[in-house]
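Below you'll find the structures, each written out as structure tokens.
Paired with chain B in one complex and with chain C in the other, chain A is shared by the two complexes that follow.
Let's turn to the complex of A and B:
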């Protein structure tokens, strides 16, 4: 492990420790033993095989999203719109699956359409960023509201299933559903795809390819990139579009693996959770896979903990917010600490 | 040595450092037991090669780096300088080799920012008053409402000096200040230094130029490999002795042989016709410029920074779209072509701004070495990078170009300025370029690295490469160029062939004074 990876690990660990420390203070104020709370979080996430599978189920969409975000964050394109890209991708994938009906090609085509959906939705801010220089943070974020409300409208009126009272689509055909690998659990094929196919592919792209190299150069110094003959605008465009495609894929895997229908509640903010994970994982795919399991464990474990100790459910958002803050701050904290260290040498 | 220095507690010593030691995390001993005194109202030159530890010493005094050992005394009192603000409060002002201005702010805003004494209300008019007063003293002509990013390097430096003076510094530390100035600007700059000295300022001048140190300073301290070698006065020494002390060994610097062949037998590599280029603020910066570059020649462009050279180079390298005119490289008009196309066509470019445009500081030496060739075999098969061959190649470059680095994985931010330049030169010359555009290629480099660069240029020339040398160093241009074009206010004033060189005529034209 080289020194920059080691520093990344320190950063992640430091921010996790600080987050738990601050959370402890609030738990103590709330008359709760923090150690007991963390114990219940752990048990809730990893207590038995079923709970472990549920944690992996939770980790899958956020892993795929944050791998995509890592690509855009690597070249310093701050895609805040994964949530909206997820909705559009999942919607398009669902529509395709329903339209194709039962067939051997239903899943692959619907899967690809979900990628295209997310990519197309991301290509709008990507175009505005690369051609017109409009800040992507604002455009991607605001487009979330457009896409989520648009999908809500589609599910409430034109695409509403005639069988139910709720705003949701028809059930997707069986051939579009990801098979369950362990009976009587929700361990579906999508989890394996995410961890053993998407993760290595993204790792390979980022670490071993010329595209990954270009992403890095553009992110670190766009001026040098331009002078070295890299088409900076093209890279910025592609990075945002690829992260959109992965967010769309995450949405469809959630439909095909868990929900079997498109619902307006398909994502409880996974697109934003992905940002926490990409930052906590330091844009490193391996780090991101660990971070996604960690965050999934916090999400699942917190609901157990809040039931057992009568604590508010909002603790999850509280912890995630603190994590973002400390990850961003940890760079400066570490630099400060390491400076002090140097004097002792 | 002690005979020249007044006793330790003398009132005349404004700054005294004792036993400074600094070892970087990568094991480089940058400063080793450095002891130095600076007197009131003296110009004290610190001479040494790249990597001798001069900049580290400056950074320690300025509070940017903490020493591992040693003490600092200001006006006889022991002080602890643990951040730059403390240094400023003590009256120590530093102009760094690499500027620390905020590009998107104007000159006034940058200076106001560094003053930090205006309280809650930002009083720009008061700041402006002070700047005008100081700039009149220094005879500087800067549009104070210009954004710093739009200023050429020469002017940026003047802004830096102004900024430090506005902070009421009485100990001024200048790190390689003349590397971006023309000979005439240097004279002007020295006049300013003498002026400041008369007003009681102490000046520490970090340089590697022996001539400058001899002509301007009261005392000269020589540093080598992190140690103080000797402190001398200019009267008791000479150029030769100083050079020897700096290098520490006899250097075989036989004069460069020069061959000037007839241009008729050579082919035109680059031809620029009626080129007009607009600058950042929309003003016409390059006006109707035409010239040709032949194979096997070095064409010099002389001019004071900010006379359109930057825009001309950016147009030639595909970084800026020309307003009108043609740029023809080997019978093909390349106007509006992207840098990638030009690189493929065989254009190499050594930029003036090494840190901003030459390297990615946060990436490794190896990654920087292949920046322009990573899509070529053997570094990649267009898609997948080949780490082993990249590493081997980087090792090769380190050896061949004498880059001082422990290994190719080292982040470029850990290399000294001279080594960064070696890396850039190595990279640019590694692909078989036919045209080399070099912008102030030896600015800030020591004797040895400069000599090395010049030899490489002459070697390339003999191989038929056409070199466009844009330099503020007139001596360099006179030494290397087959022809010199003088640029002033965006126009080519005159072309000189090698047998017509006249330094006074060229210098006058650089200032826009017509000569017949």
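Let's turn to the complex of A and C:
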């Protein structure tokens, strides 16, 4: 492990420790033993084989999203619109799957359409960023509200399933459903695809290709990148579009593996959780895979903890907010410490 | 028909007020070279502290005061991250937004038990201004509004005067263009920026207060609905000038008012469908406005750049 990776690890661990410290203080104020709370979070996430599988189920969409975000964050394109890109991708994939019906090609075509949906949705802010110089943070976030409300409208009216009372689509055909690998669990093929196909591919793209290298150069110094002949605008555009495609894919895998219908509740904020994970994982695919399991465990475990200790539900969002804050601050803390003592850092 | 149009313009002023307040605050801060994309979170905190205080004290003025304090606190925390710790402004803002969201969800449920739906029994009512509110049509629209609309309208000339006519405004603009030169000329860059942030905190806090104290009587974490990011867009479209900002805020406020207004006009089975579809109108208008008007926007030269004295 080289020194920059080691610093990354220190930063991640430091921010996790500080987050737990602050969370503990609030748990104590709220009359709860923090150690007991963390114990229940752990048990709720890893207590038995079924719970472990559920944690992996939860980690899958956020892993795929944050791998995409890592690509855009690497060149300092701050895509905070993964939530909306996920909805468009999942919706387009679902529409395609229902339109095609039962066939051998249903899954692959719907899968590709979900990537295209997310990519097209991201291409609007990508165009505005690369050609007009408009801050992508603003546009990607505003477009979340367009896509989520639009999808909600589609599911409430034109595309609403006639059989159910809820705003949701028809069931996708069986041939579009990802097979379950372990009977009587929700361990579906999408989990394997995410961890053993998408993860290595993104790792390869980021670490071994010239595109990955260009991402890094553009992120570190766009002027240097420009002088060395890199088409900076093209890289910014592609980075945002690729992250959109992966968010769309994450949405469709959730439909095809878990929900079997498109629902307006398909993502409880995975697009924003992805930001926390990409930053906690230091934009490193391996770090991100660990971070996504860690966050998934906290999400699943804290609902067990809330039930057992009668705690309010929102603690997950609080922990995520603290985490991103400390990931950021750990930069400063390590910089400060290294000046004083650890000169080698 | 005239009554309908009066009501549309009147709603426009109400929906513009939080946008105007937030974008005036953001305009001042950006003039000093800091890009604060964390006002979405600051607005939410303002709404939260305002709601909690008004709920427990049953006093809406204390609610407004609490909104201001909440807004100042979170914006100053952002200032601490980017000025004191010299951290990246965009990521700090993302962190502020996510943290504010987490704080509001968690503490709302700590204060009010699971499943309960607390509400404020009485919202701020419009204050008719004597004599002026008697003027036909204009009086109804302009001088029979809540205190938030008046504060928002007054903030435009105040901000204009502050930025362009005072010594502080000169230091602020110099800092935004080139902090190193401003520093060498004797401007206390950090102090100038902190003052701008405190002013922004006041405005953004009040903007958050409008949601829970004059529009809705309940609190929800989705209550700000990207208004902070709209405010940042307004500053770009208004070219960092309070008067331009006023135009932008009116445009987006009008889009929101229109979507509410059309929704109430349509009756029959399709009305629910149309209202739901119309809810995306303000966001579509913002994106299109940025596509058309964001092209050659040149902000303060050092906007968003880190600055350290060494």
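Things worth noting here:
Here is the rule we use: the second predicted complex is superposed on the first by the 341 of 345 C-alpha atoms of A that agree within 3 Å, B and C clash if a C-alpha of one lies under 4 Å from a C-alpha of the other, contacts with A are read in each partner's own complex, and residues count from 1 in each chain.
By definition in this document, contacts are C-beta pairs under 8 Å (C-beta built on N, C-alpha and C of every residue); 3 or more make two chains touch, one makes a residue touch a chain.
For clarity, every value in this text was computed on a predicted model and none was experimentally measured.
Applying the stated clash criterion after superposition on chain A shows that chain B and chain C collide. Of the two partner chains placed around the shared chain by superposition, chain B is the only one that A:208 touches, whereas chain C remains out of contact.
Once the two complexes are overlaid on the shared chain, A:216 sits against chain B while remaining clear of chain C. In the superposition on chain A, contact is made by A:224 with chain B only, not with chain C.
In the superposition on chain A, contact of A:174 is made with neither chain B nor chain C. Looking at the shared chain after the overlay, A:164 reaches neither chain B nor chain C. Legend: residue contacts after superposition of the two complexes on their common chain; A:103 is shown touching neither chain B nor chain C. Looking at the superposed arrangement, the partner reaching more residues of chain A, out of chain B and chain C, is C.
Applying the stated contact rule after C-alpha superposition, one finds that A:50 touches neither chain B nor chain C.
When both complexes are overlaid on chain A, the residue A:329 reaches chain C alone and has no touch with chain B. Taken together, the two structures place no residue of chain A in contact with chain B in one case and with chain C in the other.
Across the complex, chain C is touched by residues 26, 30, 78, 80, 124, 128, 132-135, 137-139, 141-146, 149-150, 152-153, 156-157, 272, 275-276, 279, 312-315, 317-322, 324-325, 327-329, 331-332 of chain A.
Of all residues in chain A, those touching chain B in their complex are 2, 208-213, 216-217, 220-221, 223-224, 226-231, 339, 342-343, 345. Chain C meets chain A in the complex at residues 35, 37, 40, 81, 85-88, 90-95, 98-103, 105-106, 108-110, 114, 225-226, 229-230, 232-233, 236, 272-273, 276-277, 279-280, 283-284, 286-287, 290-291, 294-295, 297.
Within the complex formed with chain A, the residues of chain B that make contact are 23, 25, 66, 68, 317, 319, 338-344, 349, 351, 356-363, 367, 371-372, 374-375, 380, 382-385, 387, 409.
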